[in-house]
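Below is one structure, written out as structure tokens; comments come after it.
Just so it is clear, A, B, C, D, E and F label the chains in written order, and each chain counts residues from 1 on its own.
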Amino acid sequence: MRPSGRNLSQMRPISIETGVMAHAEGSCLIRVGKTHVLCTASLEETPPRFLKGTGLGWVTAEYGMLPRATNTRNRREAAQGKQSGRTQEIQRLIGRSLRAGVDRSALGERQITIDCDVIQADGGTRCASITGGWVALRLAVNKLLKAGAITSDPIMDHVAAVSCGIYAGQAVLDLDYAEDSEAGTDGNFVLTGAGRLIEVQMSAEGATFSRDQMGQLLDLAEGGMADLVAAQKAAVA
Amino acid sequence: MRPSGRNLSQMRPISIETGVMAHAEGSCLIRVGKTHVLCTASLEETPPRFLKGTGLGWVTAEYGMLPRATNTRNRREAAQGKQSGRTQEIQRLIGRSLRAGVDRSALGERQITIDCDVIQADGGTRCASITGGWVALRLAVNKLLKAGAITSDPIMDHVAAVSCGIYAGQAVLDLDYAEDSEAGTDGNFVLTGAGRLIEVQMSAEGATFSRDQMGQLLDLAEGGMADLVAAQKAAVA
Amino acid sequence: MRPSGRNLSQMRPISIETGVMAHAEGSCLIRVGKTHVLCTASLEETPPRFLKGTGLGWVTAEYGMLPRATNTRNRREAAQGKQSGRTQEIQRLIGRSLRAGVDRSALGERQITIDCDVIQADGGTRCASITGGWVALRLAVNKLLKAGAITSDPIMDHVAAVSCGIYAGQAVLDLDYAEDSEAGTDGNFVLTGAGRLIEVQMSAEGATFSRDQMGQLLDLAEGGMADLVAAQKAAVA
Amino acid sequence: MRPSGRNLSQMRPISIETGVMAHAEGSCLIRVGKTHVLCTASLEETPPRFLKGTGLGWVTAEYGMLPRATNTRNRREAAQGKQSGRTQEIQRLIGRSLRAGVDRSALGERQITIDCDVIQADGGTRCASITGGWVALRLAVNKLLKAGAITSDPIMDHVAAVSCGIYAGQAVLDLDYAEDSEAGTDGNFVLTGAGRLIEVQMSAEGATFSRDQMGQLLDLAEGGMADLVAAQKAAVA
Amino acid sequence: MRPSGRNLSQMRPISIETGVMAHAEGSCLIRVGKTHVLCTASLEETPPRFLKGTGLGWVTAEYGMLPRATNTRNRREAAQGKQSGRTQEIQRLIGRSLRAGVDRSALGERQITIDCDVIQADGGTRCASITGGWVALRLAVNKLLKAGAITSDPIMDHVAAVSCGIYAGQAVLDLDYAEDSEAGTDGNFVLTGAGRLIEVQMSAEGATFSRDQMGQLLDLAEGGMADLVAAQKAAVA
Amino acid sequence: MRPSGRNLSQMRPISIETGVMAHAEGSCLIRVGKTHVLCTASLEETPPRFLKGTGLGWVTAEYGMLPRATNTRNRREAAQGKQSGRTQEIQRLIGRSLRAGVDRSALGERQITIDCDVIQADGGTRCASITGGWVALRLAVNKLLKAGAITSDPIMDHVAAVSCGIYAGQAVLDLDYAEDSEAGTDGNFVLTGAGRLIEVQMSAEGATFSRDQMGQLLDLAEGGMADLVAAQKAAVA
């Protein structure tokens, strides 16, 4: 009954290719079905101003989408002279999610910027950005550890994300664009490898939802995490 | 143990004063403790361009904060030349939440803009904006009904919101600023009068959370709704 | 013959409520008829850069208007990405006027920002902003004096403002919106408590004016000052 | 006692050279002492949108200053991405002043834009812009009359402007930069050829002023008008 | 003697992979050594406004660079709120170059936008954008031809580009970043498949150049075109 | 056969009037036919930040055009809130060209900004800006030399520019607007007094060109340089 023929609780195929950018301290191209996001981690050895002298580091994120990542061309935000509210909302979410998995004291006074650029979009770009962004971050931190710049690992656990929603009356895992644009309710779930929750964002897009439905979506998300964390592990091995 | 001396499941005092703006089709000043938000509804008899000819109406929202609503003065967004990511995120949430309680077909091809301007801030401004914004919307729609411009009520139910969080290890209802700035996890919950969910936004701010804690916060939010809806009813009576 | 039924030389009722903002060093809500402006004074213990090392302080002002302060909704300046020419002109006037009543050497190297936000507009918002802004400034300076941060009072006199105009061929005091939008000539007058002039701005809006008419308007303004200064005195007593 | 050695009531030399721009419908270079402003009138045969169908025309103005018109280089407003508050205030004044001398019904549904670009600045640039702007406008309207596009002259009278101020305790006419930067009070006066007032803008810059002083400045301005109108007449003859 | 060990007249390896974007009417990923650019063609069936009713079509281009395409991270232009002068210069060049190879009358009243997004940069990004942009354009036009939307081919010839420069005193073909940053003179050459010139842009970056040197660079560019056109032919075959 | 009646290799009359701006360290008004550009050099005794401590100076340029420099009025860039791509491209070219003639080490850690403001445009404004900009620069540097601030002359040679193009099938020197808007190919050539090349920019505007034509245009440019350099020499003598 899903446009893609998937089971209700079936993720799209996930692939994470690392080392795709010659210059970045960490990088990967994550593909979740036809959603493709290029994630890079850029290290700066000075923290943002508001952290000077605190001993704490910072992880932040920026998000963008190529104009023709989508079915019809979107206007380039650089040409429009500003980032949309949607873009800002997403990049704030990515940054907040990744920081929740980092011990900023162990990172020390430095900053890592995660750039997530959507090459092709088919739903779930913010979730793919978080999942791939964590891999880029992991690789950049590995470099710091290997170089002896830091001695204890600031990354406390995996961080990954997946969307779920009520599509045609049923709870389904990992919405693609065809489902997302029809879903009455959808949610984005960010979890740690150990299953702790970092972010839950559920919205009634046309239909309100019950507490039961909320539980069903969360069940699906927890199930999907296994695939995502496995893909992350394989990528950074 | 709460800075305000409230019980864990106790809301701050709520007051909603209507008709505070001479020109608006609907208006109220909502006070949730020391958080004060002025909400107005402005009616336009033409819909936004993308709805021309669809028979559907639109409800949208804008959010602002007076520079000295807060403890230290914030730079005025108009002077900075743009709305912050936070502002855009909030006003998108308010608009989405209110639309979830509206039958846009019954509203017809017109637009109602809800302006939520924070006069004084002490935590929970987005939730107070939604709760007060609904009152302004209700009053503006009442005018349309009374004037015979529309014949069936497009407002399907109450919409109200409250924040909850884990403060000092305990789940508490209706965070004020002192709590919000210390809470490890916080959430915003938008519900209908009938208890259906419209938006759930939970974030780990420093501490991840469990599914159990999520349930506790939601329990508290459901409890707080009674007070909010009662205040709305009294205001629009 | 005036739409409001007032005499030619009659001010609208003035009320100034102080202490309306919990966080500001000084604040008031000034009501001149149906024109309502919220004025706050925010103190910073460092002066603007161009005054560093001069021993002089600074008083500046910002002005805004809620979108639905007026009969039809105005676009929010923060959303438009810039302050209009009118807004900038008004806030420059407020700052200049208030500085004219301050001994900046006695104030010392600190800055006080006066925010004037129009909650409801019915003509004369810039004048109400100056009159109310002075009250907020007075209260903030009182705090500095009481705390012993400054020893001699930098406020040299009251500063207040009123508009006058030629309406239906007659000189009238304190134009409301109905008059202002029809007046052939109008003027804004800023004076000290002792009757010295700070700013005179008269414009032919449709009809040029004579020196005699200019004198009549100034006479009216001088008369109106008594009410304004009395209201200020009562407010800060 | 004036830096320039002028008498208290002596204007700087005025010269107005017309036809300096090959493309404009009307143009002049006005020199008031060392203040040089290039003024052009550009005609469009359609009015601004808000006047469509009203039968009325529009006159508007824009103001700019070359970066090195002044003693130290100013940042180019185009590079900064916005016009300063001062620029907007001035161009609004120029437009308002020139419109006060025009019968917009006789002009008909067309728009004339007056560009005033300060080539060199030595005080009084806004006044020179108004005086020169009127000449450019006069020349453009002459073309319309000559071509038979309009049949009755929409220009009702000369419009010109001059600044006066209290310098070293004395009222002086036509402030240059050395005086302007020291003057305790200054004012800009826009008058018609017949001596009617269009705009009066007086500001206490450091010293408040009396009604008597206001009268003295206005006396001086009225005196200066003779020279300005004579120069305009010679230019457009 | 070249950092890469290439001969003076040797291009870097060129690869052009087509069909890389699911949604675009035409797309390719061009790799010239370590410079990788994603090029897409987006078709709109309406022309820009200035061409309405002329029977002519339009080809335009936009250029961007991922923040970490380069050795150190560049600020995202969308976040900065504007495209740099360099970006605008490059995208104007790409658009102009591609239009020079198109019969806009045969294209008819439609618009094709070529987006060139640099994934990884190692010198020569504008040249790779032109070469790859032509492939995306070719593929989009092929679709139009196949669909019968146009009947005669509007593409008159291949368009490709290469940079040359004086590096360490010698004329070299196809500068990479290491060479480009040291070259005293460099040039960009856009040619047609038949060897006609479209754009020549040569700049003295530190060292002026002679007419002879200009000839040498042009010789090299003509030589490089064979490889570029061959790669284009293979890609679109 | 040229609209102006000039020979194919004939420049328009050139005049360069120096000392036209009272405040600038160097200034001239250059007239090339009906193209008039005001060029000023502004000296700052501190270099841009990226050169601090390097011992090197900087020469940069900004370009603007009065709104009515052209046949129909252009929108003022300051009012639009940004400089166009064309403007940025031109001012980058002017700065690059002038720097190519300067020994930045001899200039020392200071910055000279060349402002080129087009008063009237009839084609070739960027070339006139470079030619006139060099004169302003030369005069400012002369002041530094005379004052003993620098001891060896940082200006290595004259820098001047001219445009050429294929008009009506023939190569012609110094295009005016009537020719420029019709030319199939045009080019801008920046040369030193000794005939070395600094910039060559040739574009096919509607018609591609051959290497032979490129040579013809360069021949013409070299011929035109004699007149330009002679005019510069006369101006700075």
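As a convention for this text, a residue touches a chain if its C-beta (ideal position, glycine included) is under 8 Å from a C-beta of that chain, and two chains touch if they have at least 3 such contacts.
By chain, UniProt protein names: A, B, C, D, E, F = Ribonuclease PH.
All values reported here derive from a predicted model rather than from experimental measurement.
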item	value
Where chain A (Ribonuclease PH) and chain E (Ribonuclease PH) overlap in contact partners, by chain label	none
Centroid comparison with chain C (Ribonuclease PH) (C-alpha atoms), farthest chain	E
Chain A (Ribonuclease PH)-chain F (Ribonuclease PH) separation of Cα centroids, rounded to whole Å	51
Inter-chain centre distance, chain B (Ribonuclease PH) versus chain F (Ribonuclease PH) - centres from mean C-alpha coordinates, in Å	59
Chain D (Ribonuclease PH) and chain F (Ribonuclease PH): spacing of chain centres that average the CA atoms, whole Å	33
For chain A (Ribonuclease PH), residues that touch 2 or more chains besides their own	81-82
Neighbour-by-neighbour ring order, given that chain B (Ribonuclease PH) leads and chain C (Ribonuclease PH) comes next	B, C, D, F, E, A
Residue ranges of chain B (Ribonuclease PH) touching chain C (Ribonuclease PH) (in the complex, touch as defined)	21-24, 27, 34, 38, 40, 42, 44, 62, 64, 66-73, 76-83, 87, 113, 115, 117, 119-120, 122
Footprint of chain B (Ribonuclease PH) on chain A (Ribonuclease PH) - complex, ascending	82, 85-86, 88-89, 91-92, 96, 100, 187, 192, 196-206, 208-211, 214, 218
